[in-house]
Amino acid sequence: MGSPGRSHRRLPQAPDRKTSIQEAALLPISRRQALALGGAALLAGSAGDARAASPQGQLTWAVHVSLAPTWFDPAETPGMITPFMLLYALHDAMVKPMPGQTAAPCLADAWKMAPDGLSYEFTVRKDVTFHNGEPVTAEDVKFSFERYRGTSASVMKERVAAVETPDARTVRFVLKKPWPDFLTFYSSATGAGWIVPKKYIQQVGEEGFKKAPIGAGPYKFVSFTPGVELVFEAFEGYWRKLPSVKRLVLKVIPEESTRLAALKRGEVDIAYSIRGELAEELQRTPGFTLKPVVIQGTFWLYFPEQWDPKSPWHDLRVREAAALAMDYKSINEALTLGYSRVANSIIPDSFEFFWKPPPAVYDPRQAKALLAAAGFRNGFDAGDYYCDASYANLAEAVLNNLQEVGIRVKLRPLERAAFFSAYAEKKLKNIIQAASGAFGNAATRLDAFVMKGGTYAYGHYDDLEALFAEQAVELDQKKRTELLHKIQRLVHERVIYAPIWQLAFINGQGKRVRESALGLIEGHAYSAPYEDVTINTG
Amino acid sequence: MSVTTHPTAVPAPAPIAFWRLKGFPLIPVLILLLIALVAIFADVLAPYDPEIGSLARRFRPPAWQEGGSMAHLLGTDHVGRDVLSRLMYGARVSMIVGLAAVLFAGVLGTFLGIVSGYLGGWVDQVIMRLTDTWLALPGLTFAIFLAAIVGPSELNIIFILGGVYWTRYARVIRSEVLSLKEREFVNLAIVAGCSRRAIMWHHILPNVINSAVVLATLMLGIVIVTEAALSFLGVGVPPPRPAWGLMLADGKKGLMVGYWWLTVLPGLCIMLMVLSANLLGDWLRVKLDPQLRQL
Amino acid sequence: MTAEPLLSLENLSTHYVSQQGSRVVRAVDDVTLSLNAGESLGIVGESGSGKTTLALTILRLLPPAARIVSGRLVFDGEDLRTKSDSEMRRVRGKRIAMVLQDPMASLNPLFSIGDQVGEPIRVHEGASRASAWQRAVGLLKSVRIASPEMRVRQYPHEMSGGMRQRIVGAIGISCGPRLLIADEPTTSLDLTIQAQYLDLLRDLQRRHALTLIFITHNLGIVARMCNRLAVMYAGRVVEQGPVARIFNAPAHPYTQALLGSLPRMSDERERLTAIEGQPPDLASLPPGCAFAARCPMAFARCAAEAPPEFTLGEGRTARCWLAAPATARAPLSAHAVGGEGGAHAEGIGG
Amino acid sequence: MKHYIARRVGYSLLSLLLLSLTIFLFVRVTGDPASLLVEPGASPQDIENVHRQLGLDQPLWVQYWQFIASLAQGDLGQSFYYRTPVLDLYFQRLPNSLLLAAVAMAFSLLIGIPSGIIAAVRVGRMWDSAGKIFALLGLSLPSFWVGLVLILVFTVWLGWLPSSGSGTALHVLMPAFALGWYFAAAHMRLTRSSMLEVLGSEYVKLARLKGLPEALVIGKHAFKNALIPVITLAGINLVVMINVAVVVEMVFAWPGIGRLLYEGISFRDFPVVQGVVVIGGAMIILVNLAIDIVYALIDPRIRLAG
Amino acid sequence: MSALLEAAGLSKHFPARRGLFGGDHGVVRAVDDISFSIDNGRTLGVVGESGCGKTTTAKLVLGLETPTAGAIRFDGRDLAGLDAVGRRHYRKSVQAVFQDPFASLSPRMRISAIIAEPLITNEAVTATDVRRRVLELLDLVGLPQRSADLFPHEFSGGQRQRIAIARALAVSPKLVVLDEPVSALDVSIRAQILNLLRDLQDRLGLSYLFIAHDLAAVAHMSHEIVVMYLGKIVEAGDARTLARHPKHPYTQALFSAALPSHPEERREEVVLAGEVPSPLKPPAGCRFHPRCPHAMPRCAQAAPALIQVEGRMVACHLYGT
């Protein structure tokens, strides 16, 4: 087993990925914890469930984001989760996260790593076909990998020396040097392992493929109106099982209240992203179900002026006071009905090398005491509080808490794009409320948000830099873990960040749905796998 | 609109005879006065800080409804802030934003309209082409656009709305100046030796003020409603400031859930203010200046 | 003079009443006039003297604030005051026609000439569209419009100003009215065009045996067009009678002054006779003669008591104490009031 | 006349050019679309790549020139987000927008014209005020609020109308009403004022003098003339509606141009924003041009005006 | 007597903006090569129908328009060559009274400010001097002194015209341009104003450029008369002679169309056919020929020159050689 082998820390090998820019919740892609490397690949157990009856009926989703045709193409996976909403229907991957498994064998029914760690060999499942009836072959796998140009494409291509196809069902990835994270990247962090039909694409060209995509997934493409509506139809030749629902319709409804109304009237069966009081309302309404999923998006307060000795935020006690001032439970109850997770870290608890901090504490009295000790008996004017305008509701609640202990701030919600560019360009001051749903592990997260030169780091601590440099070349997984835990502990103790929560993404399910497939795959915000979706026939 | 090119004779605008209040919109004016008073004395009148609430007290209904209490006469919002206090301070924010934006648009548009109409020639061409261009931009979208560039703050919203709507003044004022320019007193002022600046300032401006004022009453409504729409899209007056438009946008989810007071009350305030301003404007329009009928 | 006049007004008064009822404007006050068929009457007065209101009173087309408060209004033997609105509608356009001040603006830009000329025929005689058009062609011909068959199909904007005047004239005579009222028909026109229009009206009068009422502030038009004259001042007819008589020997000082104030082409005088002061406010008329304040010959009685209408013979009347039979002979010569005066302060009126 | 038309066309082209320049510069200062198309923290090379791919690495004037050059060929470029030609997107949405605008206009005129006429003719003070206030209410209430109330009442409570989307005749009712009501006040005002103007005109006086029944005077002579400016305004507003229906389209998930534009702005999808605004602007400029020319043709007074 | 103001070969052409009849012409020849002069203390009357160029002539004299060609000399100095001081002097020397007494007074200024404006603009005077002068002027035009603090809408038409006259006299001009000064007034008021104007001329030695369509008023007021048709002078000369014995067919028609002041005043009536053509497309040759009862073939070809005929100038082929 090789080391992560990072010679250059800045290599974007597992870069942070922002979620879809417009959706309301941050959704991570990575499902890389507990990877079963080299383990005996499990056959998809449910393959035999396929009922003899042909697919029937139709289910409609109210989608909160504007669907883009690039999402039909795994090669363009842009580093956000939203495309997987469509990929799970239209395409299939060699290995992908499935219910109960983070790396389930799909188009590959088996794979193994060479003992020297320098190559991976996959076997393509037998008798699997694309929607047009063509068989899925090793050539398609190679083609798909080489065609892949989405997120982390350069990293993968840099490390993969060659893709060999000794026979129609065997694909071998030859690495330049050992790369233990290869399977993570191939199976879940990127779209490189999602297979597209080589012949068809060469036939119709890239444009043609985008207009009429064909894949090996459980649903066939029927029609698409950009930003409006997408229709799928069951692919009866899907290998895993026969989909139960004949047609899937995804309708874009940007306004949350309207999604709820549509769900209630039965125009749609599943509505994505229903929050706050609307979720409460849905919970109260008989026949409707809330489907919350905790995703890997963490939220926090950041104090960009903590390195400026003249700033109040330079004082650790003030930062601690801010963290203590937040009424985590009430905020969670109010905004996400208590479904979010108060993990007290900027790193999702599912990440590799995650260090579990002590639970977050709400103690306004202590906060006031700390402020007084820092010389702010009557509180202080803390300037601006920047946030992404779509999370102004969270900001308002936090701001309330801060005001209560005497940290007086002025909310400055910025429109999303403006916020992120200002954040990255280090133009923001005072307090920043931000979030990340980026892929990766603890190290990548720290790299971007804590370390010198990190995209979103406004300053650094020398001791942390030293520790981080140390872990970057540490080959021993255990030692590396220790180092990263230590850094995380220091980040926690110094209150470099005041973490808020790990967001719960709440969806609504209507009466006609028996199985929405929401939450089946851990951390996946949307319905998946689609072949598991069923209609209530009773 | 560029269809209002009919040259119409301008009757001498008589000063308003307030003692002859035919059809005077008494109720609307009283409403506007009331709003103004509340706005001025919000600090004294409001029982709570409008920006601070408590999550423990969120979604309290108005006092008369089951679950309501006298502590919060008009209930509380999604972060437990007192709705009555927010409405009172909201009057202030909305009035300031509305009036300032209208003033900004009015001053800019009137100035450009006068300069363009009076000087004519290439100055007129430049200003009118600019106005045409500006008018061809969809107003609300343009505002969103500007908000995305400068970031929303109360001051920015004022400039954005003013910057979007000055064209209406420029158009109307220019066409009025064009007809005023042909009036004999302007020619006589030239004969008397007045400079162009003096003519614009002493002879033209006083005669277009009426129109500008009428236009302002009508614009006030448009500005306030646009501000609400910006809030709906998340780029209006930033929270937690108590602006009516923002309250309405914030409360919109509550509408589906039965928290009617969060939307109905600020909606009512906006409606009353805009309606009153419009009714007053209509009356002024008829009263002051028949030229403005085409607005 | 025939026994039965075509139009006779007896002590007719029309007042404007403000909404609160506090302000009463006596626009037409106690007017008695009669007009025989075929005559042409000029009603002369300054703006605000009530002459237009008088015309609208005859047609009963008054604005909502105006009321006919008293008097009789007999046309062709019928009292128009007692007629219902729909009966009046059948009088307007059919038996009494009127042409307005601005012939250019009197045509509706959206309807063809044929439709507009034929409209009264269709409304009053129930004619079909086709036959109304047929008649319209004839009417256009009678007002000397070339190629009327083509013109009926055209729209007002395709006509020259002169043609539009003629068309308005054609509309006026379309149903063969007995009385034609022309309200300031030439104020907006150039001299040479004005002459054309007056020519046309005179021609129409002659050929259609019309009785004409000319409303104007221009004594010249009356001199040219009319055989009878009524001079209005402050809502009242201060003097009326045959045109030549009045021009030669005006009985009322106002008429005298008016005639004296006109500059004449042939005149050698250095100064004009000016009428001092301003016309009075119709809402607050003095108790006596309305002209008294400006009258060079006024005496005590004039300010105290309004003179009644005195009959002077030859069909003439005058509302002036000087014309009263009991007093001394009224000065009948215009020269009697000349020579004096000058531009004195008009005073700050109203 | 030829000169006049040529001049007006010239001005219109100039305005259009200015518009394209304005919008071009504005979209470019609102932020870098690359920051939204790549994940945060992407390497400078990645951003560079995106820039090169989108042609954003060129100097501004080159970009503008390319934009104008392809515009002249009827090519509005390709959406960054949808990877689809902007023109295709536009024409996909246009029928919806036209439908919405047309029905909204019908609602607007249905409210505006009668209330305007009643206000002008003053049938009764109460009806006058009631109509006027109803028309003004549309202006006074933010359309998203009206939209949500409509959904609440007609979808959630009564279940009569679909909440959102398009497809059937029922779908268009609520968004069209919410949009149309906003414009009703303007149409009411104009109807009222032009009716008043026409009622005071010489030809209406003449119509009365002809002895026409009052219904005919108002219904035929006055109404038809008074309607002309209203129809003109309605023509302009129809185009305006297509472009400003953002809020209504968001609330009702109506797949129209307004939403496309809004999404374009929020995704910094330059080609979409430029394309939609330029087409919209061109439509408005063209309608104005057409109106000016038609007016000049039928109304000789205009040719005398500077 | 030396001429106070002299116009030589004066032309003003406007570009045909938005002209429906644009075509080849492209310019409106509002005033086309006219010459006239006004002597000290005299009145020059200009008559003609709408579109004849009389108002443009007034504007040229007032400096409200710049001539396309020709020159205006005032006190022997060419206006075009004046420096700033000279121009200011000219501004002070030439003032105007316009037709519409309702439009010529700025409705939002007090009478004192209206009357004083030319004074304050042109001279450095103290407030008390200004006030004194305003009261003087009010006196001069026969208005009570308390008028100074009122607004224009509080006055009747005749009174407003008096105010306008007072304003014009504020800077003691030598020449006053009177553009239809009484046409908007009530009949009974006209004589007051005309008398006032004549009195002022006598007292102050003013010169007038009197423009009107009311022939009788022009004849009454003027020493010399100029008759214009479509931008050209058709006849000019001593007022009385011209009024009694017009030579040019247009002048004849015009004076014939003038309404009689007495029903028994019978004159030969010449009713012209047709309407005044558009100045955008004036007829070739003599501009009057399409309407002229005496038109000859050559009238359509050559424009007649203004020549001396029996003590006045006439532009007509009837009198040519």
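First chain written, first letter: the chains are A, B, C, D and E, and each begins at residue 1.
Keep this in mind: contacts are C-beta pairs under 8 Å (C-beta built on N, C-alpha and C of every residue); 3 or more make two chains touch, one makes a residue touch a chain.
Since the model is a prediction, treat every value here as computed from it, not as a measurement.
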Query raised in the report: What shortest step count links subunit C and subunit D in the network of chain contacts?
Result: 1
Requested in this report: Return the chains common to the contact lists of subunit A and subunit D.
Outcome: B
Query raised in the report: Hey, which pair has more contacts between C-betas, A-B or C-E?
Result: C-E
Query raised in the report: Whole-Å distance, subunit B centre to subunit D centre, using C-alpha means?
Result: 21
Query raised in the report: In angstrom, rounded to a whole number, how far apart do the mean CA points of subunit A and subunit E lie?
Result: 86
Query raised in the report: How big is the gap, in whole Å, between where the Cα atoms of subunit B centre and where those of subunit E centre?
Result: 48
Query - Centre-to-centre distance between subunit E and subunit D (centres being mean Cα positions), rounded to whole Å - result: 51
Requested in this report: Note the residues in subunit D that touch 2 or more other chains, in rising order.
Outcome: 30-31, 148, 151-152, 156, 250, 266, 299-300, 302, 304-306
Report task. List, in ascending order, every residue of subunit B touching at least 2 other chains. Result -> 148-149, 252, 255-256
Query raised in the report: If you look only at subunit D, which of its residues touch subunit C in the complex?
Result: 201-213, 216, 221, 224-225, 228, 298-300
Report task. In the complex, go through subunit C and note every residue touching subunit E. Result -> 46-47, 160-162, 190-196, 199, 217-224, 243-244, 247-248, 257-267, 270-276, 278-279, 294, 342-350
Report summary line: So, in the complex, the side of subunit B touching subunit A is made of residues 51-56, 58-59, 78-80, 147-149, 151-153, 234-235, 238-241, 250, 252-259
Report summary line: subunit D residues touching subunit A in their complex are 30-32, 35-43, 45-46, 79, 81-84, 89, 92, 148, 151-152, 155-156, 159, 162-165, 250-253, 255, 259-260, 263, 266-268
Query - subunit C-touching residues of subunit E, taken from the complex the two chains share - result: 49-50, 142-144, 146-147, 150, 154-156, 158-159, 162, 186-196, 198-199, 213-217, 219-221, 243-244, 253-265, 269, 271-276, 291
